[in-house]
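A quick write-up on the structure given underneath.
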Amino acid sequence: VSANANELIVLPTRAMGPDDADYAVAFAVPIATPGLSLYVSSYAAGDRNEFEFPISSRHKMLETLTVFDDVFVPIDRVFCCRRPELAGPLALTFVEYHRFTAVSYKLPLVDALVGVASEIAEMNGVARAGHIRDKLARLITYAESVRALTEAAALRGHLSDRGIAFPDPMTTNIAKYLFATQYHEAVELVQDCAGGLVVTGPGGEDWANPEIRPVLEKYFGARAAAEPRLKMMHLIADLTARDFAGYQAVLAVHAEGSVEAEKLQIIRSYDLSRASAYVRDLAGLDPRKEMR
Amino acid sequence: VSANANELIVLPTRAMGPDDADYAVAFAVPIATPGLSLYVSSYAAGDRNEFEFPISSRHKMLETLTVFDDVFVPIDRVFCCRRPELAGPLALTFVEYHRFTAVSYKLPLVDALVGVASEIAEMNGVARAGHIRDKLARLITYAESVRALTEAAALRGHLSDRGIAFPDPMTTNIAKYLFATQYHEAVELVQDCAGGLVVTGPGGEDWANPEIRPVLEKYFGARAAAEPRLKMMHLIADLTARDFAGYQAVLAVHAEGSVEAEKLQIIRSYDLSRASAYVRDLAGLDPRKEMR
Amino acid sequence: VSANANELIVLPTRAMGPDDADYAVAFAVPIATPGLSLYVSSYAAGDRNEFEFPISSRHKMLETLTVFDDVFVPIDRVFCCRRPELAGPLALTFVEYHRFTAVSYKLPLVDALVGVASEIAEMNGVARAGHIRDKLARLITYAESVRALTEAAALRGHLSDRGIAFPDPMTTNIAKYLFATQYHEAVELVQDCAGGLVVTGPGGEDWANPEIRPVLEKYFGARAAAEPRLKMMHLIADLTARDFAGYQAVLAVHAEGSVEAEKLQIIRSYDLSRASAYVRDLAGLDPRKEMR
Amino acid sequence: VSANANELIVLPTRAMGPDDADYAVAFAVPIATPGLSLYVSSYAAGDRNEFEFPISSRHKMLETLTVFDDVFVPIDRVFCCRRPELAGPLALTFVEYHRFTAVSYKLPLVDALVGVASEIAEMNGVARAGHIRDKLARLITYAESVRALTEAAALRGHLSDRGIAFPDPMTTNIAKYLFATQYHEAVELVQDCAGGLVVTGPGGEDWANPEIRPVLEKYFGARAAAEPRLKMMHLIADLTARDFAGYQAVLAVHAEGSVEAEKLQIIRSYDLSRASAYVRDLAGLDPRKEMR
């Protein structure tokens, strides 16, 4: 998203050793700095019609390859220079905040998955079917687990020595992990509730054609009229079955840290001592652990 | 558990109609009331040795078939008599509290699953293996999701008109549903970390035998000595692979309401209006829903 | 796909009763018959560049709304007219063949998912990582289970009274059910192996630009050079993260019968008698079932 | 099971290096050889009543710690002595056969899971409920996938140079992997269909008591009479919720190779060349792989 910004902040992305010293830097520069180039990725909304692309015709997400070619950075904009021992802590700090941001901004997305499944099931006339209700319950459980865990991460937050609040790392990572690992299943549940019309329905040009629209209106109505039903179908396609959808799905797995990174942080931030002492006591062992 | 109680409270267990009026009753009687018989189920700890059955040799769970044969209930112990319209609300009220109790008292159990997996992996000398860490992360996610959701159910609690606090129904049911539907997988993960020795290891009589024990000590040590390792194995067997374990597994699915009952309550207690209005707005429809 | 055909065959799609008699028809007409209109759906390859859309720039799938407005069908092209009792059998016969076709033509698709995951992991330089190998093993299991079950459905096929071979219904439906219910997870595994570059990588116009390409070649190489790696990334995007991908995902769930239809057929076509007699014998009951 | 045998065959269990030479041995000795001791594990059927333990009162599984203390092995019973280079191939050969045996002998077990779920659902009077049919379809899919894959492993078998037939390694391992990783879920589905009575029902002593049995017969009947229903419940408990059940569950994960071992063999035995060439062609790359 740097293409939309005025300033670019550069941070290390992982723990580093002495050999990585040249990369252990952090600084900020204006986007307009000479030698700095942004190569914006191909994903773009383009000239899309609103009927067919209700979200992606209005919202455009940019990704950028950012290249530094002999860029001058004034010393007062440098936060860290060739200090590999700071790289890990800096990356981690960023991650903890950023991953909490991630689960927070995903809540409307998971709400939307519940909403479209419920709406389209009703419009299709199948909202009372047992298997549809089962799928809806699972979608609600998904969305509301992520929400409750995100809230819990905030409520369990701590204040640092300098008075800066930060969310609880373990709870944040569990929220993100659940969001990420159940996203594709949630998409499947939505598509199951919606039916094949998500990808076989008529496009915006047909709908805009005054000779064709009456035919579509006649044959695509169900429990709901054709217009709201087809609009909901296209919203579902935009959310689960087109490039905007694919972008969201890959983001679920990789953005703000991959699934594997989350598992790593879950183990690191979990305090084993309680569970360990508890089971050692249950087993009749000294709760203070000694292997031999 | 009524066999351990002094008083028995009887409640309707579901919504009832006029034809069920004879069963729409609620009352309390002392266990010692004439005509009241308890047939206690067969599950019992028995004369178990502590080495092999570290939990179930000390804890005994009773289940009871309770039969009323011409029992007299004084009118002042009757809370509701032949009022089918009260059956549903009474059952539901009970359920909401009881299901919250359920997820609360399960927290030590899910902690124990994390603890034994971690301890035995270390004792087996495989704690650093990638697949073990993956399984441990999933167990932690399971246990801590249930804990965070249980806390959230309490924090989101409401006060009734009469000032009685009750936990949030949706969050309670989601906590219970997650606990119930992932319990068997958690058991599998623990068994995977532990190895086949959980069920092939030596029993308490062999261990108590002074001629055999030195052999067992020689061959069953790994990263940890044989004694703590075998004790931990038997704790895992008690928790995941014997009758106490089976009792816990069936309880996970059925006690305090079945999985299907939880799904039903999740849908009932979820307020669809937010998600519905949101997606209708995204789709370009009037957020106030009309089908045609 | 009727837009590509010369003849259109019309069949009942479900069991019917006397009230549905007017719809219990089967016949064939040329596409060019007066009164017959095809409204082709919007999914189209369009003017896509091969770099970015390696599959969907070459292959175009059409879906059609087919409308009959006072179409004359000669009596010798009518196979069944107002015979609702034939509707169910006709639909079922079609389904059994068509569902076998479905799992058969999906085999290259599931092979492709295994292939791209393996190739991109190697190109990314992570093919030896434990979690990547875990995901690859799960993808292979998915693809090869579907293949083995499809082969089994054919090998267990029967000859009808008239000598027509048909695949085994139960095995066919199990193959399709596994394919359908694990497809989205397979997509997730592929995206996990590939990384975020699947959706953030440079597009075809940048690649074609002689000033930009050297920059992309410099920075997007990993274990493999930028060109093969970016081509593989775009293949993965086409397969899992764009409209062609969404089309395949919805097809997995709904085409040739939905997941619920497959479950129904699995139960119907499974012969319970063996399992039933076996467990009744184990339980000490008369294997010939009587409830009381 | 060596306690039931006349001869003991000893084989290496994994690939070995020069340092392991002392353990790279294979031979056979009679069980009665001096210096050979078997310490049989504690799992035993004991004095169980048939009502409560319909399977485990009749079948006893033994596991043994086998200790060699200065045992003499005649040279003509030695198949391999201090040849670490043979250890891996020997272990692998054993595994391929043994894992095929495993999935073959599990078929009655998975059939039993389908059978008891179906029988008890009918006896409980809930066989037509939508969620029960869903669970039954999933159990059938589980059991019949394992069966079809086992058959496929045999049908795809090869003849070695010496004319010895062996099952296809990849298919065998996929069959075993599916059996192992879905076993606990299958147990959960059975318990869900059966209800809490699996662990709260009356035991054999109560049933044998002529004063108590009429009470049990009166109150435990449902769609089926109390006797068949309680017998089926106890069969389910024996299969899914007691020590015999736990033994089967741990065996599912670990016997004849663990889940991780199966994943390893799936990757090793899968021929990537077809999928690899296919996707390279789709991506517009030379199908003969070169990284740069």
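We just call them A, B, C and D in the order they show up, numbering each chain from 1.
Simple rule for what comes next: a residue touches a chain if its C-beta (ideal position, glycine included) is under 8 Å from a C-beta of that chain, and two chains touch if they have at least 3 such contacts.
Keep in mind it's a predicted model, so treat the numbers as computed, not measured.
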* Between A-D and C-D, name the chain pair that shares the greater number of C-beta pairs in contact. => C-D
* From chain B, the most remote chain by mean C-alpha position -> C
* **Centroid distance [mean C-alpha coordinates] between chain D and chain C, Å** => 32
* Asked: Roughly how far is chain A from chain C, going centre to centre by Cα mean, in whole Å?
  -> 28
* At what distance in angstrom does the C-alpha mean of chain D lie from that of chain A? -> 40
* chain B residues counted as touching two or more neighbouring chains -> 131, 134
* Structure fact -> Touching chain B in the complex, chain C uses residues 130-131, 134
* Structure fact -> Touching chain D in the complex, chain C uses residues 50, 54-55, 108, 111-112, 114-116, 118-119, 122-123, 133-134, 136-138, 140-141, 143-145, 148-149, 151-152, 155, 170-171, 174, 177-178, 223-225, 228, 231-232, 234-235, 263-264, 266-267, 270, 272, 274-276, 278-280, 282-285, 289, 291-292
* Asked: Which positions of chain C touch chain A when the two form their complex?
  -> 37, 39, 41-43, 52, 63, 65, 67, 131, 181, 183-185, 187-188, 191-192, 195-196, 198-206, 212, 215-216, 219-220, 237, 240-243, 245-247, 249-251, 253-255, 258-260
